[in-house]
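Note that the chains take the letters A, B and C in the order they are written out, and that residue 1 is the start of every chain.
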Amino acid sequence: MTASTKTSAGNFFEDFQLGQEIRHAIPRTVTTGDVALYTGLTGNRFALPSSDGFARELGLPQAPLDDLLVFHLVFGRTVPDISLNAIANLGYAQGQFGLPVYPGDTLAATSRIIGLKENSNRQTGVVYVRSIGRNQRGAMVVDYVRWVLVRKRDPQSAAPTTVIPDLVASLPATALEVSGGLDLTRFDPAVTGSAHRWEDYEAGERIDHVDGMTIEESCHMTATRLYQNNARVHFNQHAEKDGRFGRRIVYGGHIISLARALSANGLGNALKLLAINGGRHTNPSFAGDTIFAWSEVLAKAELPGVANAGALRLRLVATKNQPAANFPDKAADGNPDPAVVLDFDYWALLPRRG
Amino acid sequence: MTASTKTSAGNFFEDFQLGQEIRHAIPRTVTTGDVALYTGLTGNRFALPSSDGFARELGLPQAPLDDLLVFHLVFGRTVPDISLNAIANLGYAQGQFGLPVYPGDTLAATSRIIGLKENSNRQTGVVYVRSIGRNQRGAMVVDYVRWVLVRKRDPQSAAPTTVIPDLVASLPATALEVSGGLDLTRFDPAVTGSAHRWEDYEAGERIDHVDGMTIEESCHMTATRLYQNNARVHFNQHAEKDGRFGRRIVYGGHIISLARALSANGLGNALKLLAINGGRHTNPSFAGDTIFAWSEVLAKAELPGVANAGALRLRLVATKNQPAANFPDKAADGNPDPAVVLDFDYWALLPRRG
Amino acid sequence: MTASTKTSAGNFFEDFQLGQEIRHAIPRTVTTGDVALYTGLTGNRFALPSSDGFARELGLPQAPLDDLLVFHLVFGRTVPDISLNAIANLGYAQGQFGLPVYPGDTLAATSRIIGLKENSNRQTGVVYVRSIGRNQRGAMVVDYVRWVLVRKRDPQSAAPTTVIPDLVASLPATALEVSGGLDLTRFDPAVTGSAHRWEDYEAGERIDHVDGMTIEESCHMTATRLYQNNARVHFNQHAEKDGRFGRRIVYGGHIISLARALSANGLGNALKLLAINGGRHTNPSFAGDTIFAWSEVLAKAELPGVANAGALRLRLVATKNQPAANFPDKAADGNPDPAVVLDFDYWALLPRRG
């Protein structure tokens, strides 16, 4: 008997080099099957990914995939190389969405290591990665930075020079692009069921999205497998029963999707995500948790070149097992409330009055 | 901080006016992804939605969506306006199926308030609604009446004039239409696996469908989210733990689908639903319940203009946690047996001998 | 009231005749919805069913369905006639995969009874069946033998003459065919993420696939319903609570799919299954079990007519609730280790160096 070394154990902190370029494997053709499953697992009710007719009224050839579904599929490509041994996804920044993605498109991903920092305990380090998803014609569909806490293979190995990339807190509104022919001139609020346009929101406004969604093991695992994200902590109860939490951890991206889906009640005209300014999973979520969400309007921006459209910078906060009517946020010590599981900052596209 | 009022809390009894017309939001493009998920969640084994080849033999361009999948998708459109605050769906009547629906079609829904009745406790009222689902060309695909028990916002508010619509107990056979080019001349029983044709059934006959299907939280929630039905009682365990039953309630339509799927054993040639005469969810169902079903032939009708086809009026009864071999039905007091969860009366299309 | 006899109780051992030909009902049109659900339920990460672009590079018109998805869909056709009353699937042999299957194809199945053997207890018998799945043009897509333990209707009924078919332990490499235009000349390992080609594996080599996947009731039931496999033991907790195990039993095919999906880590270039030499479900699996897998290279074979390709005969062993690092196999008495749930022997296609 020969024991093989062909299995990948994933990369450890020492395996990453500053400036390293990674072409991720397994390009993924996306289909209406993915869309149906995404709707079934998240309860997504936004109109653009739901209706070919609405998409055509707005200048697109058919309903595009939900932006977060695109994000998760690209993210899933990167996991085997970047985060199989990650302890946590620490944050996201500088995310931008490019061309809309349609059923039949094939998504591939590349990444570049843009920062490294060993932690003082020498057990772990932080890897900063910029990942780009492209369609089969090479056009960018999503481009984002994330940083992950990764185990070292050997605590004694030498630390790399610390490089922390300069990340902007928010994409300037001038950098926001509306791609793929999307044109809101013929927007009809009867289609979305929401009368509230860009002009109706004001900075500082908070919206309780009211509803709650309870997570089942089967639901979060199926979503995460759909993205072919194989990070171990989500699937293996035999191992996780002895892990940090005694349970499988829900993929943080599933929480983003649930919170975004809940936000349709109050932000039904936030038609699509333009950019992800930042995001943190402030606490883990588990099967049995019920997710609630609230939003805060952080800023408003005009989109000079885009007819009948404006952008809102929104903060989407998700809680577990605590309704959002009182907008749970930070505890007295400035740290996130233990009920808060997500703090997500993004730019959304909304219709303006004519 | 400004607390927003942009979130919809749903309509209360006072919000409905007799004669009111509602155009529901979020038209839904249906896909083969929806079909796969419907099959996966219900175990549907009827031949027509399963096989393009069989559908073509019977004159259709490809496999149509299962009639109940169409019903649920249209029903899902209506929920945010009609039943977000509903305590219960009390019944269905006068349902008719129109043109077959195919992957790629986009379904939209409108409703008309046709009856109102405040209850004597002044806490709630009954709203009678006629809803029509149409495809992207405006053709009717399903048209049905339901009545729902809805909370009043304020028990002191004035009661509307009571109007109870005149609903027929059963659509007359002469009103039944077979649409979209469906032609049973070339029907082949080897395809359906059932040798029993219209002539082989007799009024009064009862059929135990034998099998049972256990419901999981993940399955009923995924089905209901697929339909974008966001009625709160199905999803939010944090709230429901303190609710009437301490648990999430299964969407009644999921029970109809499970019972219909089970009925393929004994009614494999009940190729499609032509009409829904009535339906009541006589008891709630919960995750962990095992659903059984039996059918009774209520009547037979010829379909003069339709070659090789006849209609059966069927009563489909579903039970929970009790096999149907003894046809559980009414208790001694005339009320439904506590094990009975569904009493559904419909017209089905069956092939006749040449 | 008339109690109907139209329900099928399934076939018992006495109902099978040597040489009997069965045309199974309900041809099944396969779609990208089935593919998405298969990915979501198994975590399948093999490149060929994931990517239209990769498939085209290898000479196919688009991404084919995963071979095991094809197997399960064909197997599902056969269940109502063959194994509704089966106590167990005892084994598989002589499986071959034919033309690739694409979304839009319609699969139908036929079977032939090739062996019968009553057991000495007279309660049960073994039925040997050869089943063939074909696409809408009549081309074979999968052809395999299985044998199942089936209840007798009446222990006193006469036993048939015992006929045990002559089954080969392994298909000879010369019988392996690569169909449908698949051509590995332009194979690119960056697409699969695995650098290991046919030359890199040696007979006797063992590979621990490392990861584990926990099974939920909802996941295995949804997969099995997707295949329209209605064998009762998988779905009905009300009955199974009093059954052999007190629980629903996971469809053995789901275990094969989970183990194959796990094997992508270490066998990422085992692009497709060419043949199933044998397979046994050595122990049942249940919801809550975590499945692990390891592989052994049993043999290597050249494929003379096929450019840049070779075949590996692989043994895929799945365990439950026990990681595979120590390659759990047989207990001291020669019987399978109680943790082993699957012992599966197949030929896989791998790329060779130029």
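In this section, a contact is a pair of C-beta atoms (placed from the backbone, for glycine too) under 8 Å apart; a residue touches a chain by one contact, two chains touch by 3 or more.
Quick caveat, the model's predicted, so the values are computed rather than measured.
Colleague: In steps of 5 degrees, what rotation angle do you get fitting subunit B onto subunit C on the CA atoms?
Modeller: 120
Colleague: Examine where the copies subunit A and subunit B touch and state whether the two sides share over half of their residue numbers (same) or under half (different).
Modeller: Subunit A vs subunit B: different; shared/all numbers falls short of half.
Colleague: Nearest whole angstrom, what separates the Cα centre of subunit A from the Cα centre of subunit B?
Modeller: 36
Colleague: Touching at least two other chains at once: which residues of subunit B meet that condition?
Modeller: Touching at least two other chains: 31-34, 36-37, 103, 216-218, 222.
Colleague: Mind listing the subunit C positions that touch subunit B in their complex?
Modeller: 1-4, 6-9, 23-29, 31-34, 36-37, 80, 103-104, 106, 136, 216-218, 221-223, 225-226, 228, 230, 232, 235-239, 248
Colleague: Looking at the complex, which residues from subunit C come into contact with subunit A?
Modeller: So the residues of subunit C touching subunit A come out as 31-37, 39-45, 47, 50-54, 62-63, 103, 190-194, 196, 200-202, 204-214, 216-219, 222, 265-268, 288, 290, 292, 321-323, 327.
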